[in-house]
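Below are two complexes that have chain A in common, paired first with chain B and then with chain C.
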Partner chain A sequence: MELKHDIDVENARQRQLGYMMSAAGLLLFIVGALLLSRVSNSRAPNAALKNISPLIPFAGIVLFGQGLLVIRLKGRHLTAWFLALPTFTFILVVVIVPTLYTLGISFIQWDALVPTRPFIFLDNYVTLIEEARVRNALANTGLIAVSAVAIELVLGVGLAQLFAERFWGRSFLLSIFIIPMMMAPIVVGQTFRMLWNTRFGAINHILSLITGHPVELSWFGDKKLALIAITITDVWQWTPFIFLITLAGLLAINTELFEAAAIDGASAWQTFWRVTLPVLRPVLLVAFLFRLIEAFKIFDIIFITTNGGPGTSTENYTLYLYQQGFQFARFGFSAAGAIIFLIAIVLISTLLIRIIGET
Partner chain B sequence: MIHTVTPHHRWQIIKSGFRYAILLIAFAFFAFPIFWIATTSLKLPEEYTTSPPIYIPQAPHLNHYTRGLGSQEGLRALRDSVIVSVGTTALTLSLGASAAYSMARFRTGGHHFSFWVLSQRMMPPIAIVLPVFLLYRQVQLIDTYVGLILLYTVFNLPLGIWMLRSYIIEVPVEVEESALVDGATRFQVLRHITVPLAAAGLSATMVFIFIFSWTEFLFALILTRTGVLTLPVLISRFFGTQSFEWGVAAALSVVATVPVVILGLLIRRHFVRGLTMGAVKQ
Partner chain C sequence: MSRKKEPYIPDPLREASRKYISGGMSRRDFLKFTGALGIGLSQLPGILNTVKAQEGVMSSADRAVEAAQAFAGETINMTRESGLQAQDPLFFSGPLWQELTGVSVNVIELDAGPPQYSAALQEHIAGSGAFDVIDTAPLWMPDYVRAGALEPLDDFIAEYMNPADLDDFPPVYKDMGRFEGLNFGIFDDGDTLLLYYRKDLFEEHADEFADELGYPLAPPTNWRQFDEIAKFFTERFAPDLFGSAFGRAPGAFWNVEVFLPHFKANGGIIFDPDSMDSLVNSPEGVRTVSEMAHSNQWMPPGITELTVVDLMPEWLAGNFAMMYWWPPVGRWSAGFGQQTEELAFLPESQVAGKTGYALLPGDITQMAIGFNLTVSSDSRNKELAYLFIQWLTSPEISLQRVTLPFALRDPYRISHFNSELYRGLWDDASDYLDTLLEAGEKASMDILLPGGQIYHDAIDRACTAVYAGADPQSAMDQAAAEMDALTDRLGREGQRSANASYLTLAGAYPSTNLVDAPSNLDM
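Our next item is the complex of A and B:
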C-alpha cells in the first residue's frame, strides 16, 4: 500500500516536471518567434542577435516536446525518446519545411521581374518538359555520371586487386591515393583548369611528348573534349572511393575461398570472375550506387571549369537549376525542377537503402 | 627444399614487376595534380604562363602565400571556414550522438526511421538550397554563420548518426548493463564507459563532418554575400578571365587542403566506414 503510494507520488512529481518543461518550452518558443520576427523586420539587425534568434524557437519546440515525453513516458522509453527528440525535430523542421515550401512554390509563377505571383498549378512542370535545355541538361547529367562512374569502377576495382597483397610501399601509396577524396571539389576543379589549359597546361604538353607531335587541344572550347575533361577530372577525384571500398571488401573475404579455387586449378582470371566478383557484389553495389547518386549532383567542378560551356554542352541539371533559380531568379520554375530532381534521387536512393538493409 | 628458378617462381617475378609498373602509372596519375598545385603556388607568375610549362619552379618563393593570407580577405576566409566547420561539427555531434545512442540501444523509431535519416543524405543540394534561400531571406539568415551551420548540420546529421551508431553498436551492451545494475546512472555509463570505448569512432566521425563542411561550396556560394566568406568561395573568385592570379589561388588551395589531408590521414582506418556511412566496415 505504502509502496504504491510512493510510486504515485513519484509519478505525480514527474508529471509536474513535464508540465513545467512544456510550459517553459512554449514560452521560449513564443519569445523566440517574436524575437525572430523582430529581427526579420528590422533593417540592420544586430549580428549576434541574427545568429542566435533562429535557435531560440527551435530550443522551445524541443523543450516543449521533451516535456510531453516526461509526462507520458517512463524508464527506457523516456530515455530513448528524450535523447532522440532534438535530432528528430531538427531534421523534420530543416528538411520537411523547405521541401513542402518547394512543392508549394512549384505551383506558382514566381519570377523576380514579375510583380504578381499567380497560381498556375502544373504549368511550370509542363514548361520543364517542353524546354529543350532541360533535356540537354538531363542528357549531360546522365552522360557525365554514367561514364565517370563506369571508369571509376573499372580502375578502382583493378587497383584494389593490386593492394590485396602486402608489398613494399603499400601503406605510402594508399595514403597518396586517398588524398583526392579529401580535397575540396572547387580546389580540384581549379587545379584541373590549369592542367587542361590549352597553352600553359601540362596535359597538352605531356600528350605532345607522348605522341611526338605538338598537341594544342582546346579542352574547354570543344563540346566533346569538354565533356571528356570534366569526366576525367571526376574520375581523378573519385576513383579512390571505389578503390578503397572494394579493397575493404576484398580484405574481408575469407582466404580459404581463394585457396579452394587454387586447389581446384582455377586460373587468376577465373578466380576473379567466379569467386572474387560474386562475393564482392554487395559491397560493389553499395559503392556504385553511392557514387552514382553523387555523380548526378556534380556542381563545383563544372561551375569552376566550363560553367556549362561551350554553349550549354557541359551544362548538367544542377548547374541548370542553379542558373534558372539564382541568376535568372525564376523561383517557381526552378522549384518544379527541384521537385523532379528530388523524386528521381529518392527513387535511386530507395534502391540503395534496400541493398544496404540486406547486407 | 631445393631453390631453383621454377616456372612458378619466374611467374612471381613477372607479376611483381607488372604490379609495380601499374602502381607507378597510378601514382603518377593521382600525385601529379597535387604536385602541380603545390609547385604552382611556389612559381613566379611568368613561370606558370609559359609554353611549354615549367614543372619545377626555378626560384621558389612564398609571395603567393603572403599575398593570399596577408590580405584581409584571405585571413577572413580562413577564420570563417574554421568557424563554420567547427560550429557544424559541434552541433552535428551533439545532436547526432544522442540520437545515435538512442537508436543503437533502444532502436528508437525502428528500422524505417533510421533509413529515412540515411536517405536525407542523398538529397540533391540544389533542391534544398532553393527554398532555404527564400526562407532565409525572410528571416535575415542570408550571410550569417548560423544560417550556413544549420544547413550543413542537416546535411551531415545522417552521416554523423549512422557512423556513430555503427560504433556504439560495437560497444558491448553487457558492459553498460552491468554498470547500470551496479547503480550507475545512464549519464555516468555514457561518460565513463560508452564514450571512452567509442572514442576512436567519435573522432573519426568528427573529422568526416569537418571535411565535408570545410570543402562545401554550393551552399556557401548561394547563402553568403559579404558577411561570411569561406575558403572555397574565395578560391572560386580567383578565376575570372585573367590568369595572373593562378599563384595566389594555388597558394590558397594548398592552405585549404593541407589541414583536411592531415586530419584525414590520421583517421585513415575509419575511411571506408565514413564513406559508406557505416554500411561497409574496414
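Our next item is the complex of A and C:
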C-alpha cells in the first residue's frame, strides 16, 4: 500500500511538472507569436529581437510537447527519457531548432532589401511554385541526379565484378580507384574546369588525338555539353562510392550460390542476372539511396565550373537557393525552398527505404 | 615678434598655397602658378609650411590624422575584396595610419562579387557590428542604405573635410557616393574599363587593312568596325593571335558590364521612367545582345567559358589584338610594378610600349563596379571610421595609393590624372591617364538602384544564354520579367523615385549614339 502510495505521489508530481512545462510552453508560444507579429510590422526593429523572434513560438511548441510527454511517461520511462536528454538536446539544438527556425522564416517575407518582415504565410511557397526558374532548376536537378547515379551504378557494379576476382595489383588499383571520392568536390570542380577547357584542356586534346583533327568543343559554353560535362565529372568522383559498397556486398555473398549456379550450367551472364543481382539488391538500393540524395544536393562542381550557366542551363535547385538566400539575401524565400526540398528528399528516401525493407 | 621674421608671402601666392594645401588646386596648376611667378621648386616646401603655420590651413588628410589621434589604441575593422585589393591596407595605408594616429586597421578580406555584397547585409541583419568601414561597390550601396546598414557622412564631411576635395572628381565619379540626396560613401576606385589594343599591330597592318576594308585601321568607332578588325586579325593569325577577347563566362557579372554601355550607345533605356517596366527586351536590347554574341566568333575558341581573369595573362603574352579590361591592365601591360612580389604571378609583359588605350565603340565605356568607402551604421566608432576614410581618400594619400603597383585601386581624382608623378611612371602613362580621364567623363554607370546587383544578374544570365544559342528576344524577355518581378518586390514607387535620382547622374545615360551606326549583324 505504501509503495503504491509513493508511486501515486511520484506520478502526481510528474504530472504536475508536465502541466507546468506545458503551461509555460503555451505562454511562451503566445508571447513569441505576439512579439513576432510586432517585430514583423515594425519599420526599425531591434536587430537582436528581429533574429530571435521567429524562434520563440517554436521553443514554446517544443516545451509544450515536452510537457505532454512528461505527463504521459511513467517511472522507468521517465528515467530513460532523462538519460536520452543530452542526445535529444543536441539533436534539438543542431537539427530540430534550425529546421523549425527555417520553417518559421519561410512564412515571412524576410528579404534584406525590404525594410519590413511581414508574415505572408504561404506566399513564398506560391512564388516558388510559380517561378519558371525554379521549374528549370528542378528539371536540371533531376536530370543530373538520375543520369549521374544511373551511370555510376552501372560502372560501379561492373568495376566491383572485376575487383571481386583476385588478380595481380588488385590492392594497388583498388586504392587508386577510390581516390576521387576522397577529394573535396570543390577541388574536383576546379580540376575539371581546367580539364574541360576548350583550348588548353586535356579532354579536348585527347579527343583531338583520337579523332585525328583538332577538337575545340566548348564544354561549358554550350548548354547541352555543359550538362554532360557536369554529369561526367560527378560520375568520375562518385562511381568509386558505388563500386566500394557493391564490392563489399559481392564479397559477402556465399560462394556456394555461385557454385550451385555453375553446377546447374548457368552462364556468367545468367549467374550475374539470376544470382548476383538479386542478392545484391538490398546493398545496391542502399548505395542508390545515398547517392541519389547526394546527387540531388550537388553544388560545388556546378558552382565552380558553370555557376549555373550558360543562362540557367545548368542551374540546379541547391545552387538557385544558395544564390537567392546567401547572395541576394532572400532568406524567407530560400527557406521555403529548403523546406520543399527537405520534404521531397524525405518522401523519396521513405519510399526507397520501404522498398529496401520489403526486399 | 616672431611673425616679422618669417618671409613675406604676397597675397596671390598665399591664396594659391592655401588652396593647394586644402585640396582646392591640383599640383600641376600650383606648379604652373608658382613657376609663372619665378619661384623655384626648392622654395616651395618653405612657402607651404609658412602658409600652413600662419594661416592654420590643414589638408583633409592632416585634419583626419589630428582628430584620429584622440582615438589612439583603438582598432578599425575594414572589409576589402580579397587578394590584391587588400594589399594596400594590409601593407601600405593601414601601417601608415597606425604610425600617424596610433589606431590600428584590421583588414577583413571577402571574396569578390556577391559574397562581398551579401556579407555586409548579413552582418547588419545580425547586428554584429563586425565592420566599421565597408568597402562597397556603388552598385550595392542603395541596398545597404535601404537596409539601414550605412551611416550618412554629410555631418562628418561638413566638420572635417576641405570642401574643395569634393570637387576633385571627374563628373561620373563625383556623385558615386550619394544616394537620394545624402552622402553615404566617398568614391575610391576609378574602375572604368578601357579598350586596350595593340598599337604595333595596328601600325604594321595599317595599309593592308585599309586596302581590304577601305578605312584606316584605328580603334573602332562602331561594332561593325570592331568585328571587322577582330576578324582581320583572327583570320590571319589564329591560333597564335586572336582579334579580340572579352570575358564571356557565366556568373562572373562581366557580360552585363559590356552590355550596359553597348545598350546605352544603341539608344537603350533600362527602365521606363514612368512605369519602371524593364526595357532590356526592347529592340535596342535584343540588338545589343545579338551584336555581343556575333562578336564571339572572332574571339578565342571557348570564349564563352572564360572569365576576364583567364584572359589577362594571354593579353600580356601578346595573344590578342584588342581586349576590354579594368585600368590595372594598362599598368601591367607597360610592365609597371611587375617586379613586386605581389605581382609575381603575372607573366612578363610582351606588350610593353605596344599598348594603346581607347573607349568602346560609341565613345563610351563602363564604370564597372568601382568602390566607395562607407561607414557601417553598426560601427561602435563611426567618427573614427569616417576619419580613416577621409584620410585614405584625401588627394595626397589617395595619390600614393593609386600609384602602388600591386594595389588594384585606380586613379579617380582629377589631381591623380594630372599628377606629374603618375605621368612619369612609364613612357606613355600620360596617354593612359588622359584616356582614363576621358572615360571618367563619358562612362556609363552600373544600375545604381536598390536591387542593382540582382538586375545585373538577370541581364548577365540572358547574355550567356544567347551566346549558347538561346533566342535573343526570349532571353531578354526572361531578363525583363525577372527585373519586373524584383521591381514589384521592392516596390515600384520607391524604385521609380530611386531611378529618377539615377537619371540625374552624369553616367546614367552618357550622350552617345550608335543608333544609326553600322551593326556587325550586317557583316
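What we mean here is this: the second predicted complex is superposed on the first by the 265 of 359 C-alpha atoms of A that agree within 3 Å, B and C clash if a C-alpha of one lies under 4 Å from a C-alpha of the other, contacts with A are read in each partner's own complex, and residues count from 1 in each chain.
The rule we apply is simple: a residue touches a chain if its C-beta (ideal position, glycine included) is under 8 Å from a C-beta of that chain, and two chains touch if they have at least 3 such contacts.
Owing to the predicted nature of the structure, the values given are computational and were not obtained by experimental measurement.
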Chain B versus chain C as contact partner of A:Asn51, first or second or both or neither: both
Residues of chain A touched, compared between chain B and chain C (which is higher): B
Touching partner for A:Gly308 - first (chain B), second (chain C), both, neither: second
First (chain B), second (chain C), both or neither touched by A:Phe326: both
Contacts of A:Asp123 with chain B and chain C, given as first, second, both or neither: neither
Which superposed partner A:Gly249 touches (first chain B, second chain C, both, neither): first
Partner chain in contact with A:Met194 - chain B first, chain C second, else both or neither: first
Set of chain A residues, in rising order, touched by both chain B and chain C: 47, 50-51, 197, 199, 326
Of all residues in chain A, those that touch chain C in their complex: 44, 46-48, 50-51, 111-115, 132-133, 197-199, 216, 218-223, 226, 306-313, 323, 326-329
Chain A contact footprint on chain B (complex, rising order): 16, 19, 22-23, 26-27, 29-34, 36-37, 40, 48-53, 55, 95-96, 98-99, 101-103, 105-106, 108-109, 111, 115, 117-120, 122-128, 130-135, 138-141, 144-147, 150-151, 153-154, 157, 161, 186, 211, 214-218, 222, 227, 231-232, 235-236, 238-239, 243, 246, 249-250, 253, 256-257, 260-261, 264-265, 268, 271-272, 275-276, 279-282
Of chain C, residues touching chain A in the complex: 114-115, 117-118, 121-122, 124-127, 143, 146-148, 239, 248-252, 300-305, 378, 450-451, 453-454, 457, 461-462, 464-470, 475, 478, 482, 489-491
Chain B-touching residues of chain A, taken from the complex the two chains share: 36, 39-40, 45, 47, 50-55, 76-77, 79-81, 83-84, 86-88, 90-91, 94-95, 97-99, 101-102, 105, 159, 162, 167, 169, 173-188, 190-195, 197, 199-202, 205, 208, 236, 240-241, 244-245, 248-249, 251-252, 283, 286-287, 290, 293, 296-297, 299-300, 303-304, 318, 321-322, 325-326, 331, 334-335, 338-339, 341-342, 345-346, 348-350, 352-353, 356-357, 359
